[in-house]
């Protein structure tokens, strides 16, 4: 784990801040002190102990290696800040929470790169799923694949009831397979059968469907999502941190331990899968399809 | 596993085809090539890659050793046929999907016979639950005990909304106990609590109740069950086979491995249970009750 | 286990019967033979084989060491009585089923006392969760923490639909943590996600909410709770005992085995947690708050 963290920090120093991408959507949040590294805008309200982490990796908050690195460092800073007890995770990109793993990181790169990328994805899950802070996802846009995983890592999920938005682990639709710890996280959230059907069909759920199966906890009109998240957060913060943290760990540790026990083989699985000619080819086709859509 | 397969094939050769039982209900499906072995009518539509397996072990599709053997060989042929990607499992018997394990195989026979029978029941579950094909149950009749197990093995369950039909693992009502892998399959489908209550009370659910707890996925008017199954199948076949198969295996392998780790002791448990005087006596009483009902 | 039972019996002999607390609420049940030890009034109807265990540890059925000891002996007697096949667990205290573990047993006592108390709590869970009898909870009042655990141990839960009543594992609200086997029991009842949210927030559910998440099976008007329990019991007793008992054990044994494998360390955890200064202090504050409310 330490090695991973060192690697991630080194990457961040290498990649540096990204001027122009940082903060645009964050300013409207008010005058609270900003600790923006780049594509993650963090506002910590020291009076409430609640931070808002706004993802701003435009256009669709793809989980690139750089973005994951910044995300992890931002999260780690809050985790170590005794003045911060809760985090609201949301998006500054229009109409999308996060589009999930960045396909560019999975195409035409070296095996070393794939391994480094996958370690960062694992690390994001490990840190977010086990956070000592209360974590609330304010899902103000579509949230497929890795975006859905991030939401499922939180303690509570509020989704904007916009019928254009959808959420789910849709990997099979792209011909790829959600790893076992994505699956475990979903089973923990919606149960075995809903997960089985979701994953085999790569289902993306509308907000009402997602609410019905328990993939999100609450639907609200889009303009109320931040205020609702703040109100829910205050309910969670009424619980003594220590008792809540031990309880959360008791619930989630067995799932975390399964990945920790197989972390290296999970990386090897990913690398050997993604380097297959057939998979590289289908990713290429997928990216060309995306380009044509935009064009 | 190989030994079991050999034994099953040997049995089939011994028992031979059953003229008169084969195919009657299958002809109406059209002119597609028929590969009927006996009490399982198989129609494979080579244009869609979808086979319909119609159980025709009249009157109630009891899972006898001969029937299970034929069923397994039919399934295996489709599994090995690269032109077949999905199977719709349904019944050619009126008002019943399958009545479950054939009580005649559990009464007044030798320990060797009981062991051979139980191996075939295990094998049916292992093959159907892990099929590489998309499996859809078109439940056009009642489906108690082993019939419910077969339905639960499929990827998706559509049931005719006829109030006379019921489905469930009702073993305790007969004074017997569903084995642990029946239980595991039900837990995977409807969760722990619904399974606990179902199994302790031997509950048979009406179609709306079965739908409510998630034991079946969809209810349709009886005359639409085959067309609905075909429509749902085409949704499932839109997913790349490879990704779907790996996902299915990831979901189901831990459950399968539990039986494989205890397969022999599970057979011994069954044999020692079924050979008890008290169990033989209650099966005898049950059969006499059935005779009186029919008479 | 034997050592625990011996210790419990010894305690009972030491503590003796409690005149004045016994039986007041029980008389209205009629002329059936009473086997009251003290704060648990037992009425066994030998014609039906159904006993009613009425908790009468006034004012709120706190689970003190003495009360748990009496409860266990009463339960054990019924368990060993071949004329008793089912137990209805209910309360003789007004407006409360059970308030859960007695805080007086967790404050200002010796480590030895805490260990003895915790053994008795474990023993109550082990006996009730694995009872060979059909157990139905007639929840005629609020049921927080340990009271909710008792209800969850039963085979079926009927709750009075009085909006003033609530039920749940609310430990975190007091700054303490439900032990893993409380958690396991709740996961078995309502699934993983509802448990996670319940335990992290220490949620107490209204009767309709409890019914919706499956924490109770049925709601009835308060005056019908005993008659409904009797009617439900007769459905359960229609199932052959032997098959039902094996099925129940198959469902619950893995959960029981987890505690048995860690029973001593679970006691040590409790003792070291409860003897912490910070915990003792917060329990003291909680008790003072309760006193002020009453005063």
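In order of appearance the chains are A, B and C, and numbering begins at 1 in each one.
Operating definition for what follows: contacts are C-beta pairs under 8 Å (C-beta built on N, C-alpha and C of every residue); 3 or more make two chains touch, one makes a residue touch a chain.
Keep in mind it's a predicted model, so treat the numbers as computed, not measured.
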| item | value |
| --- | --- |
| Interface residue overlap between copies chain B and chain C, same or different (over half shared) | different |
| Angle of the C-alpha superposing rotation, chain A to chain C, to the nearest 5 degrees | 120 |
| Chain B and chain C: spacing of chain centres that average the CA atoms, whole Å | 41 |
| Chain B residues counted as touching two or more neighbouring chains | 191 |
| Contact footprint of chain C on chain B as seen in their complex | 171-178, 180, 183, 191-193, 195-197, 199-202 |
| Residues of chain B touching chain A in the complex | 155-156, 187-191, 214, 217, 235-236, 239-240, 242-244, 246-248, 250-252 |
